[in-house]
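There are two complexes below, and they share chain A, which is joined by chain B in the first and by chain C in the second.
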Partner chain A sequence: MALDWTTALSFLIDGLMLGFVFGVAAMGLTLIWGVMDVINLAHGPLIALAMFGVYLIMNFLGLSNPYPALLLTTLLALPVGMGIYYLAVHRVIDAPHLSSLLATYSVNMMLMGVMNAVFGGAPRNIDFSLGSITLFGDIVVPTARLVAALAAVLIAAALYFFLYRTRVGRYIRAVTDNRDAAELVGVPSTTILALSFGLGVLLAAFAGGLIATIFPFTIFDGGRYELKSFVIGVLGGLGNPIGSLFGGLILGVIEGLVPMFLETSWTPVIEFGLFVFILLVRPTGLFGGKS
Partner chain B sequence: MKRGKGTLWLGLALLLVLALALAACGGKAETGQQTEGNEVVLTIGYTESQTGKYNVSSSRQVKGLQLWVKQINEAGGIELSDGTVIKFKTVSYDDESSKDRVQELYTRLATEDNADFLISPYSSGLTAAAAVIAEQYGKVMITTGAASDSIYKKGYTQVFQIYTPASRYLTGAVDILQKADPELKKIAFVYEDSKFATSVVTAAKDYAESKGYEVVLFEGYAPDTTDFGPFINKIVGSGAEAILGGGHFQDGSTFARQLHEEGVPVKFVALLVAPPEPDFAELGDAAVGIVGPSQWEPQAQYTPEAAQKLGIEWFGPTSKEFVDAYVAEYGEEPSYHSAGGYAAGLILEKAIRAADSTDPAKVKEALDAMDVLIFFGRIKFETAPEAHGLQIGHEMVYVQWQKDDQGNLKKEVVWPEAGATAELLYPKP
Partner chain C sequence: MAILEVHNLESGYGEVQILWGVDMALEQGRLTALVGANGAGKTTLLRTIMGLIRPWKGQVLFEGQDISHLPPHKKADMGLVLVPEGRQLFTSMTVMENLEMGATPRRARPYFQRNLELVFEMFPRLKERQNQKAGTMSGGERQMLAVARGLMAAPKVLMIDEMSLGLAPVLVLQLFESLHKLREVGITTLLVEQNVHMALAVTDYAYVLAHGQVELQGPSRELAKDPHVQKAYLGI
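Moving on to the complex of A and B:
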């Protein structure tokens, strides 16, 4: 097939735009890992739940546009996340890793069970289209993807601002660095941990909602984005939420460029090959992060 | 060491004997028949994909089958010449769209539930898994929603296919294209990496190449693909003028939607499975112009008169009677999956009537000898051992989504021309 520049650029732009969105999903996972050393195995179902949240709110309120529903879902995700922290994670926060893994995995199983019972496995689609725009003369880009990429960058910037320019953000970083020391100087560590978990879930939900505006989904789709989040987390540095955005971009470039040269089914092979390779040579991830 | 080995062999031998003994017990095939006076209730076993990716198509198929069960029982069952009245009950489970579950559940249907006859699950992959079990336990299985040819080329003797096989699924689309635009030469095949879609496009590709077409892209996508961006970029890069492929409902409708969103400049798109589904209309403008092969459409011209012309027997309700009954029961239009489910029951009924017996061996003989026209089309099975049970009578029809004068989406039959309800919209908008 002709490998002209237009085609190459189309592949690359497609990959980059999705990369930003996947990056936000991964930010949610790495934020939680960074702050409290908990791998949130309920990450995938929470992403799927947010997809259904957008879908249901949009249909319930009779909206023609999914973005207000996306905002509402994102805001709801914060208390949901904090609730999960208090119910399932707080008691095992100082126990060995296996306990918190099992705790979040149980939340995963419960969410999947409930969603399967309530929604069933049928695919859903948000009936909405922004059409497409043409860039650089002849590269057609679906507008919804462009909006999703921009929204992803915005929320990443907002997270950065929150973590580095606000008092609560400083508390979160203090708890991340040394929880005992933070408590000694009066940081309410339990509240901060719950808030961080809530923020992680909020980011996952935001990404899930954005994906729902682009692709159709089922309750089972969370798993695939959870896997991507792990790969991105390692690429961007475990525990380094802002690095995740760059990890997402790297993943996006791989997903965009591999199909140009190989059959598309090779993409996961290369992604996970890279994942294992980076774990071997830099166990803390490409961009450092916390060891 | 030596002694240990001896014990091992002894243990193995014992296990073998035990297994044989168990198999012998199981061999005294119990049946699910319940007899009361002269009334016999036969058990029909099947699985439904209540969850997982085949959910939509599978539930329609089951609705069709259940309608037949309800109608036959309400009509007083089948009366045999010896005065026995046969009624039916069904046993079913959720197979979660998973092959492993299918094998587990069909074994259960055959052994614990003692099903007298089996109906296949939906999809070729699941049916292939179920067929092994049906053959193993010697149960007659009518397959519907399973078009792959390979299932019937494994030497099975108990499995009978209602659908037109995959090898004849998209060849008609090539014929349509040739008629509509003799100038067009470049075709891209983009298809789901599944048993069914792969066998369809492989056959269609050979056919297209034999007609002088240049296949510029031939690539499969994973069944759970939601992002067709890479494939669309490849299609555009390859300079293809027509796209053939698809797989099942979810991926097909997503593919059509993204083709539309990205404004891919092709003149003709034919996709498997998704376009004939009524839900495909939810795509709105993205559906317009998409062509799809269908096993059956309500408008299809299968009538008692047509049977007379062919010199074969007519059996069962007309298309209109079936559609009316289905709408009255479920409040929605039937798709071809629904019709296939109903047809599976109807063919079983026809075979029992023809055999005048519930003996599986006699019913199998009746199926082998069958050549009948029903609302679903002609049904005749291959009897040669190398492809026993393959459907050889049934033909596909092709539909296309078009807009009527009020701008409403309408599904029209565009091929074969004899049964067409509208002209082909070409090139696709």
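Moving on to the complex of A and C:
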């Protein structure tokens, strides 16, 4: 196959942009794991729910632009996540991992069931286009993807600022580090755990909403992005939310470049091959994380 | 007046009962020791008082108010602070961040600067190391930081679990000397110690815990002369 550099570069840029968005979804998963050692198996359906959230809010309010709906969906995700924590996760927070896996998997099943009943499995599409812009002279990029990538970087920066520069962020890091000790110095650790879960869901929802501005979606799409989040989380280091952004980039590059050389169906093979390889040789992830 | 009272307290882990009706009272401003053999229930008593373990029976009163079933963070807010066994620092944070975490209770925040100066005066080492990660410090430095973090909460009652464990004698002496400063600034302190000799030498009053009950109590100086204490705990 003759390599056309312009095509290669545009595939790469496309992959990188999507990688940032997948990175934000993974951040949500890995934040929750880092703070409370819970793997949120409802991650995927929550991403899908956020896609429908954007779609429904646009229709309900008669908006033609998805971004206000995205903002609203993201804000709503925080109390939804906190609610899931109090209802399903808190009672098994000190139990063995299997209990919290089952608890979040139950949430997954319920969300899927309700979404299937209410929305059905038909694909939806957000009918909105920002057109495209041309970068570096001859590379055409859909503007919505560029906006999504920029938004993803912005929310990652906001998360970093929140965790390292605010009092509540410091509480989250303290609970991550040592929950009993945090409680003993006066941190309401249950509230902080719920807030962290809410933030994880907020990040997943933000990513889901951004993806909805790029691709058509069905209620079943969450599972794909959940799997990507696992791969990215392990690449970046589980429990290291900022590492997820870089993990997302790596995945994005793979997704951008693989289709140039192989059938697209090889992409997951290569991704999960890498996933297993990283788990074998460097289980804390490329950028370190919680062991 | 007793600032912290424990009445007939029972608790344990799972099916195993550890405390079998403990009665204790800490007088305001006094330095009290809680001593006893390994497994006597000292740490369990502290954890039950703080609410890390639920009491099965009995009461904990703080300034006359029943706080038996409050979660630990509410107690810390009120001024009841535990320096836990094994230090339990925030190891991924710096010394300064640990001290800032110590000042979490709302009532401690206005006194942050004053307490920071007090703590740095007590432990100059921490001032030098303020930007170091807590997880990379030596055992003695960590213990200093654990006590310092407790002091940043502006405690009314400070309970310190096994301060001397695993530390060099010089450091132990230095830490015990710093306890007198706590009394000067009006902090009621409960010191849980395996080093009975040292504990009885520096405190005003002491409780001896055995098999989950208070076996003996009295002024520390008198307990140090008690034949049973000498034989069982002081090896004389």
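Methods note: the second predicted complex is superposed on the first by the 290 of 291 C-alpha atoms of A that agree within 3 Å, B and C clash if a C-alpha of one lies under 4 Å from a C-alpha of the other, contacts with A are read in each partner's own complex, and residues count from 1 in each chain.
What we mean here is this: a residue touches a chain if its C-beta (ideal position, glycine included) is under 8 Å from a C-beta of that chain, and two chains touch if they have at least 3 such contacts.
None of these values were measured; they are calculated from a predicted model.
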Which of chain B and chain C A:F22 touches, first, second, both or neither: neither
First, second, both or neither for A:A122, with chain B first and chain C second: first
Partner, of chain C and chain B, that touches more residues belonging to chain A: B
First, second, both or neither for A:F206, with chain B first and chain C second: neither
Partner chain(s) touched by A:F246 [first = chain B, second = chain C, both, neither]: neither
Touched partner set for A:G256, first chain B, second chain C, both or neither: first
Touching partner for A:V185 - first (chain B), second (chain C), both, neither: second
Partner chain(s) touched by A:D177 [first = chain B, second = chain C, both, neither]: second
Complex contacts: residues of chain B adjacent to chain A: 49-53, 55-56, 96-97, 193, 216-217, 219-222, 224, 226-227, 229-231, 233-234, 236-239, 249-250, 253-254, 257-258, 261-263, 282, 284
Of all residues in chain C, those that touch chain A in their complex: 50, 52, 71-73, 76-77, 81-82, 84, 88-93, 97, 100-102, 104-105, 149, 153
In the complex, chain A residues that touch chain B: 1-4, 7, 10-11, 14-15, 18, 116, 120-123, 125, 127, 129, 131-132, 140, 142, 144, 215-218, 220-221, 224, 255-256, 259-260, 263-265, 267
In the complex with chain C, residue positions of chain A that touch it: 170-171, 173-174, 176-178, 180-190
